[in-house]
């Protein structure tokens, strides 16, 4: 069991931190990027550095470390959405031909895939209902497809006989795109007799889809964790320097105690989320193990994440409300990640369904 | 079962409800109910309809358009207005500068401004907060130096809500930098925003909207006749103004309406069971909040703010935020693009602006509990 | 609508306050009383003053005002349990003969009735299952019967054909009595062919029982409210006088902010609980109205009550933990009242069952 | 799936589990699991079994019975002990006075006390807190005035946990009232509780139990040889002692066991659905807490307390309280007489004693965040 990272991992962290720290060296730089299309700017360099190949060539640990660095600068690049999730699914479900055709292209940044799995008003259910597949064609509507416009390959979950299949689509669909509150874009995608090719054998792939979503949840949680840590740092820095009533804010005990509470939550979240990655990285873990770990990590984002995000704004006062200052964007990103990976009720329900699996829940094996 | 109103108040309530739901255009009210932003024109239109019926500024002195209502009636007026989705009369006019002018300004200023203020012919902006002051309002730095018949104003204000629409701005300015206490030496000045040297810069908020502004003053020359009351007595008027916002401070009606919307949406989408506990829990808290507002109204006298106003401000803001969080959460993953998330982010302001909840706790601990 | 109390009510408040303030003039006096049997000491004087006749002769407003005063000194006398609840049921369900025989005796303190309604492991369900009635006899077990040993008349809910009936029992049952954590006593009562007389017509009285329980919940909530107010007072007084690190505790902003939060909760609880009494006192209210009002009041006890009780101890530090100091007893009593009237989940579920009855929940009619 | 232990640590864990569940009498462990109070004799019996196997004081120096374990192994030892319902070695002996004597006392005192301390032949009480000191420990007033070969001790200690069983008490006493800072002039003294002038008065707690005491000192004469280390250097030893309680501070194993009990009871009574969300929620929080304890253990070196100990103390106490609240709530109305309510009330202490959570927040804000 290991909570420390090795030298090679440390180098990866430094490299990613250096790269995204340059591209997004200020809140203003990030804002400028998210205003323009497609809303992210570090992609080619991430590809060059090999970050986009991590899900295919390294373990969940490296993926999480990279995601956490992206979270620290709230990089808008769709690493988790496109690489971990869509890329990961292609790599796990695709035929050998599909993999050899696509995986390298994705890792090199030439192909940007996204997964279209959510459907209107169906929460975070992975089972496809609205979109159906038959005779080589897709019909129906997917919602909240992150970066659908920029993507050149959609992986679409669709109802098939006997379950939920996965299909590749490159053309023939309509998107209605909106800005997300955290500076990204997401689309409602409508398929009307859209030509589609099966990913893998075209049969039920619900289990693989769920597993990929859980791995993505864990990576997302690290992204949120990075953002939470920096949101607290910024807040602590503000309390030390901002003066009110003739003294710096850190003279107000009620405020410093709230910062202390944020730190407590952050450290507990760091532990649980890191543990989830250790589970994901372990070859002996079953998909059920990973699902539970993902839910524990997601609960931290839903609770500690929201707590830290909102108190970071409150402790700043007015300046925290402005788009010109960074902390609101951190809050928005933490919130958005929570919305992508499932809310508190969703994950509590998932865990409650397995409440009888153990007497004591012990993180050590 | 509900608290029984007297037949008289019952009738009053029905009249209000009738007026608000029939006289204010549905196109305006439906925007309010959908929590969309109103245009300046829509806000003016609505307030002028209210004013024509004598319903825009009931809290003012009778001679300037006020009403001889009980506190309960003012509560009902406000509650019904919010439930009907009627935009409230612009607070800067109706609750802030209007009462200050009516109470402290010269007869000349009253005649010049009050009617137009009630009718929103003049849109007032508020020039109190400054970048380096924050909650510590009295440490403001904007100066007004008298030169003959004019003040020359230099400095910067910030968090000026809807200042981009402002015709005039009411200001706290420092007229005596040598005063022994920072609360002394502050004056209350009215400035035409078209005067040379006034610059408004909108500030984008975290929800992407523009509703607050910075306002810069660069050698702005203001006639001394625009001074309200006495020079260097502005802090008194400011405290009066800040304490004046009692009725409606908790925004219960709006929260109730949004909660009803949440219930409706959850039902439509088949997720009522998932959110039922949160909904009834918030309904129960709003019931406690509204009954508290009624208690405060019933025990207020002479227009002096009840110390429990801070209770209403804290809990009111917490519940506004909780209801908007619920609406956002009902959207599930679609919340990433939904308007409800933007409203939720925007609503972080309600526990910050207008005296943060930390300031309110300080007031409760000090003034009420004597700590 | 009325949140103020009239002169007569004001006199009642003063009289009750004077009386119980003398009997329980210190935390030590109360402790001495609860240590001895039967654990309460103001009963005869309460009878003399007419307090025990309030549920029969006055409105819910007077009952609540009296209960609140008892709560302020956490008087252990079973006013709500015996008078409001058991006495109230006799008065509402009993035959004319039963009423004329019993009500005056109860009001004069000659007869002390208690209601045996709870059953083991059945939560706060009012429907009798364990205890059954047939042929003039009761069999089964009731739990948590407050002051069963002291009582000379039990009102027992029991399963009958077609519902839950109410029965009077004076003898022929076994009690197993324990101290409650708040200084009272409660018993498990076992009936074995215990002779019983029907209260009223002996048919289904579930609706009347539920209504009486709801009225009692509202009175209980006032008792809790009185205790909450005093717990805050004591805490504020302590913060003003106790010195740590060379200054009084009220110099520590983190502590004064918590006291401020307690005040906010107290005032909101006061509003909701008082409103519930107004509903109960109004002749136009339906039993459903009273049930909803009782649930809103009970939620305040469950939430604001626990919050205030526990923070009152925490803000005191060690001294708050001791039985020699008062604040822990206040916390215990507030907690116990919450346990008697139903927890948060119970009342949220009740309210959720009626979620569709209204669009907006408006306390004014 | 769980964090993988190395085969070595896995084996260690199995050995611990085997020992605790087979060598400590079931009659003792079942009382712990039922959260009942143990008698003094039972605590002594259990600790002596541990000590005979070298498992009572693993944190001590090797020569006095300690173990050369990794921090992870100490964590496993503690966790398995708690999960098995084994009473922990008496903290006053094993974690407090023992390490202080081993690190700072004379060889003579070491030889005189350490073996008996490890074996619970001597039951130590703690004499730190005073009625007027509270969280401000250093403002203690109990004095020790040197007269020849003796100190004469006068004053009062309080919150002395299980002091009613105490054979000896380790004390902080003021030996130099004239010292410029209150932290100076304090000495660390060992006192035989049978000495004339020592009086113990048990304090009843709000749950009706007796576990803390006041201890009065009236001209108690103590040989100077009972001084630990240097005169007036006691504050240093006290800080060492207070920082020494790292492993096990969060009490995760006990909370996990109680939560498992709660789950079992809820299932038996058919109310698992009603409490499932709270149970899994607490399981999740305990998982985060235990992994945090493991991180802290993994990153500790040289016995110095990790600053994140305060995180473990705060969250550990919050979760102890939350689990006992759950157990109480599962009892429903029967909680009024149930043991679970008394445990819940008693557990209010865990956020107060041993450095209140307010003190812990001060440490985090100051030491870790630099505020």
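Things worth noting here:
Each chain gets a letter, A, B, C and D, in the order it is written, and its residues are counted from 1.
The working rule: a contact is a pair of C-beta atoms (placed from the backbone, for glycine too) under 8 Å apart; a residue touches a chain by one contact, two chains touch by 3 or more.
Here the structure is a predicted model, which means the values were calculated and not measured.
Set side by side, A-D and A-B show the greater C-beta contact count at A-D.
Centroids of chain B and chain C (each the mean of its C-alpha atoms) stand 42 Å apart.
Centre-to-centre separation of chain A and chain C, using mean CA positions: 51 Å. Among the residues of chain C, those touching two or more other chains are numbered 252-254, 256-257.
The residues of chain B that reach two or more other chains are 358, 361, listed in rising order. If each chain is drawn as a node and touching chains are joined, the picture fits none of the line, ring, star or complete shapes.
This structure has the following touching chain pairs: A-B, A-C, A-D, B-C, C-D. Only residues 1, 3-4, 236, 239-240, 250, 253, 256-257, 259-261, 263-264, 267-272, 274-275, 278-279, 282, 284-286, 289-290, 292-293, 295-296, 299-300, 348-349, 351-352, 355, 359-365 of chain C touch chain B when the two sit together in their complex.
Interface of chain B with chain C (complex): residues 1-6, 13, 72, 76, 79, 83, 256-257, 259-260, 263-264, 272, 276-277, 279-281, 283-292, 294-295, 298-299, 308, 311, 314-315, 358, 360-362, 364-366, 368-371. Touching chain A in their complex are the following residues of chain B: 129, 132, 134-136, 139, 158-159, 203-208, 212, 269-271, 274, 329, 332-337, 341-342, 344-345, 348-349, 351-353, 356-358, 361.
Every residue of chain A that touches chain C in the complex is listed here, in rising order: 252-254, 256-257.
Residues 118, 120-121, 123-124, 143-144, 146, 178-182, 184, 186, 242-246, 252, 254-255, 310, 313-314, 317-318, 320-324, 328-329, 331-332, 335-336, 339-340, 343, 345 of chain C are the ones that touch chain D when the two sit in their complex.
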